[in-house]
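Note that chain A is present in both complexes that follow, paired respectively with chain B and with chain C.
Let's turn to the complex of A and B:
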């Protein structure tokens, strides 16, 4: 007993003698976190409660949260995030099904391409949408030429649907990746046996594949909802008329109107929403066997 | 009208939607020159085989012999590069799997994990649009058939391997298939469960004599126990086909002799052959032996003699052949003694009943066997004394 204890205690004692205690290793990362994360967060919360120099009060919250601009932005943000997430789930599920179960040449290339999209900054998608479908975009030029018209026939980019489509395009791979991981774990014999029992492809998708994909869909969907809720680049670059989301309000208040307090109030609300959604995401991941669906 | 009825039956998965009083049409399986290739790799080569209706045909062979490919071709999961496959009189080569009306049981059970046992069994019935009111009774009937009626509300994960395999069989039988495909169904079970399931499958076949069964296995015991006929496969080709008994007692080839049961293969020279009695006299060293030979044998021809280890005995009867041998190893196996012996430089083994005083190593003994227990195979023995892996 004593020898075993010694074998553990001696190296620890030596370590204490040789250098800094173990807790010292925490200091540096903690400092970095404090400087780049907690201090700005503290500053934002303080600014939202105290304004520029006043006492701590919830008055700023009452003012901002009751304003029409905030309510409209909150509604629009949730609407766009929800619709984009639904779009990502539907498109991601269909595309992942095709990539995983329909043998075609180049499926591996497609898989690699999905990872590439994940590495892009989101505003690039918005930019490409403008080039392709904008009023002066390639498709409109082509169609105006074909239809002999002076008005661009495609006119959805600068609406909320343009934002939603761009977000669906950018965030769909975030659903596909965990789905493809889940599909790769699915025993092919399940599909074959179901088929031999008389099940057609749609029934197999509905009753065999979909139940197995639910954890991955929940994980990917939660992540999409979280990211689309905070999406700023796509909304800003598309510049859709009347599409004001919470990040846009924060930007407008803090940068354009120099109303830091209002900007911070909206930011705190946005952060609270994000943390709630992130908690949901982690909860779903933990409950649904995250190991099969995790990629973030 | 008749066509539409048969289409309806096909939709229902063979007889899957038929009521009990509906006369069942018996269907066999026919492979006609089926070849399956993946690029340059041939997985099944010019495979022709007839499985009669209601028969149990075992596809027996080592890994990579093409037996599973043949089964998957019947199921519709691999597309033949050449040849046709028939179930009954219907050419199913180009039909999708869900229109073939077959039941299938695979090695790892493949029960749907998110469904209860009863829903697993009902899956095929629902897929075949069996009347909703009939489903519970059909599910219960099938579960009772495999002794799993009391487990209907459980999930697959709550069952043992043997129980899961029973449910998989019930699920396959629920659609009342004309053809049941069993792909190494007992491989994932331990020895004791396997033995029990083997009995269960044999009983099921007795109770469902109309179902044609294609049983893929690499286990000779399973094949010999269950099959009416065995198709021995090797290197993507059919080697031999015949009844379990004939393949065991008169193996047509060296491969079958060693794969269907254990065998001692000895190099012999033909002395003479009696066509009427189907007997041959062959020379092993300086010994003359009388053996069975259904194939013509020319005097002076080098051939291979196949003797099953259990056919060799230490005590002889009148009319027995006798071989002098030197004991090289003695193994006690509880219910038997296994003697490894040397016969003029050729190694053999004999499985004898437990001996009161077994011979010792180096002792000279005489092994006896009846002429009917030894078969003359085609071709000379390659590598004298080649035997199957000891079982």
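Let's turn to the complex of A and C:
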């Protein structure tokens, strides 16, 4: 209230400047953004339409979009992203629930750990899976000892499930952060009262905690969907033959086959999909009262 | 208390650690173990060696570490400057301009890093900006990717800043540059430091755009790690990863120390 009163009495800081208009300062960073971001983006679209040098045509789109490689990659990308997001939501909800409502000594350390994981490169998880579940990994040796066989019994790392498990591991903290922020605002008295009136834990979770968590779940879930859709490091490091996603197709076309045009067509599709999801994320975030986002 | 009984709480904790340790703890532990593994023909390495870690800092990988550090440092400084400038400028706009400009500055977050790399490759392989094959294209890629995070982080800090500090300073005769230097920037120092740490960490681990654009004489750690593991030298790859994580964590720790001190001022 005092700040509102002050802002009426005190001349606004901007009003003191006579010379430059208020939008003048935004020009320089915008110009840099145009050169290093929008100019390359323009060339992706241009190359996807015109090829190396040619008239504008949709022929490249027709060729690439009807190819089996693209269709398979699109399906696989969406499938992996959707399943990983569901996994992150479930695991993130359970873990955040316990950290927030059944605190234990050291649960603050967990919070710090979660924040640190967000800053790690994703391929770290994929690399560790080689040592954990790979054909010469710890789990296979353990199982070979237990089952007295010489054949490695588990072999899911080099399938889509390996990628999904790795993405769930890496992206669960992105769900937990907004959830923990939402849980910290929940009035504990509600839970105490419900509990003293005889509500069992599952009912408290269903009727009190979950409704509070929905905006955070939506925001975290759509961010997860966006990030898993564009995930590259995990898929590249796991390097499974049958698991090709859109970013992998772009990399393969442009770097391994030097086919920039096909790469650009796939990139346009990937970017469009990604921007659509990002808009959804911002929309959800705005609707949920801007509850603390992970980065943005 | 969600669980009134001690038994219920214990079950919840068992569930937590039964999920948390295998999912988050084991992977980190395994990379650490692999980085010191001399031979690994069982559940755990059969003997340990520091050879991989020693190689990681001495040989070619040492160059990659320097490359990554330089890239991360330059990209963070540029991104922080650009992002802070943009955030301060956007704050002065009116409603609609603010929304549009804000969306533009955040947009790189929505574009997959591999596509950012491809765009730079296509656009900067021709005049007037012929940068393909130089380290600059890697630096630009990193700046594009982390500036949006710097912008977002500084904007969030500015949004939490009560407006009247600056208004009072201005009403007392402080010129805009003076108010910015002596009031606004000191007040958002915690956000700036956090943004710098985030930018550096993201840049150190960046793979998607870098692998699209890097020239042979500017190989960053993540690209080097991929080259190693792709060749089958998984232990050397793990050692480099541990090195990468170590440097990242060290920087984040320093940042959080500075941040705590800044917020006490």
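Odds and ends about this structure:
What we mean here is this: the second predicted complex is superposed on the first by the 265 of 296 C-alpha atoms of A that agree within 3 Å, B and C clash if a C-alpha of one lies under 4 Å from a C-alpha of the other, contacts with A are read in each partner's own complex, and residues count from 1 in each chain.
The rule is simple: a contact is a pair of C-beta atoms (placed from the backbone, for glycine too) under 8 Å apart; a residue touches a chain by one contact, two chains touch by 3 or more.
Keep in mind the model is a prediction, meaning the values are calculated, not measured.
Superposition of the two structures on chain A leaves chain B and chain C fitting side by side, clash-free.
Once the two structures are overlaid on chain A, chain A sits at the apex of an angle of 90° toward chain B and chain C, using CA centres and rounding to a multiple of 10. Looking at the shared chain after the overlay, A:145 reaches chain C, while chain B stays out of its contact range. With both structures placed on the common chain, the touch criterion links A:287 to neither chain B nor chain C. In the superposed model, more residues of chain A are touched by C than by the other of chain B and chain C. Contacts of A:198 after superposition: chain B is touched, whereas chain C is not reached.
Of the two partner chains placed by superposition, only chain B is touched by A:190; chain C is not. When the two complexes are overlaid on their common chain A, residue A:206 makes contact with neither chain B nor chain C.
After superposing the two complexes on chain A, the closest approach between C-alpha atoms of chain B and chain C comes to 5 Å.
Residue overlap on chain A between its contacts with chain B in one complex and with chain C in the other: 192, 195. On the side of chain A, the complex with chain B involves touching residues 187, 189-190, 192-200, 203, 207-208, 211-212.
Those residues of chain A lying in contact with chain C across their complex are 2-3, 6-7, 10-14, 16-17, 22-23, 25-26, 28-30, 32-33, 35-37, 39-44, 47, 91, 94-95, 97-99, 101-102, 104, 110, 113, 116-117, 119-125, 127-132, 136, 138, 141-142, 145, 168-169, 172, 191-192, 195, 201, 204-205, 226, 229-230, 232-233, 236-237, 239, 246-247, 250-251, 254-255, 260, 263-264, 267, 270-271, 274-275, 277-279, 295-296.
Note for the complex: chain C touches chain A at residues 1-4, 8-9, 12-13, 15-16, 19-20, 23-24, 26-28, 30-31, 33-34, 40-44, 82, 85-86, 88-90, 92-94, 97, 101, 104-116, 118-124, 129, 140, 143-144, 147-149, 152-153, 156, 162-164, 166-171, 175-176, 179, 197-198, 201-202, 204-208, 211-212, 222, 225-226, 229-230, 234, 237-238, 241, 244-245, 248-249, 252.
Residues 11-13, 16, 75-77, 96-104, 106, 108, 110, 112-114, 123-124, 127-128, 168, 171-172, 175, 181 of chain B are the ones that touch chain A when the two sit in their complex.
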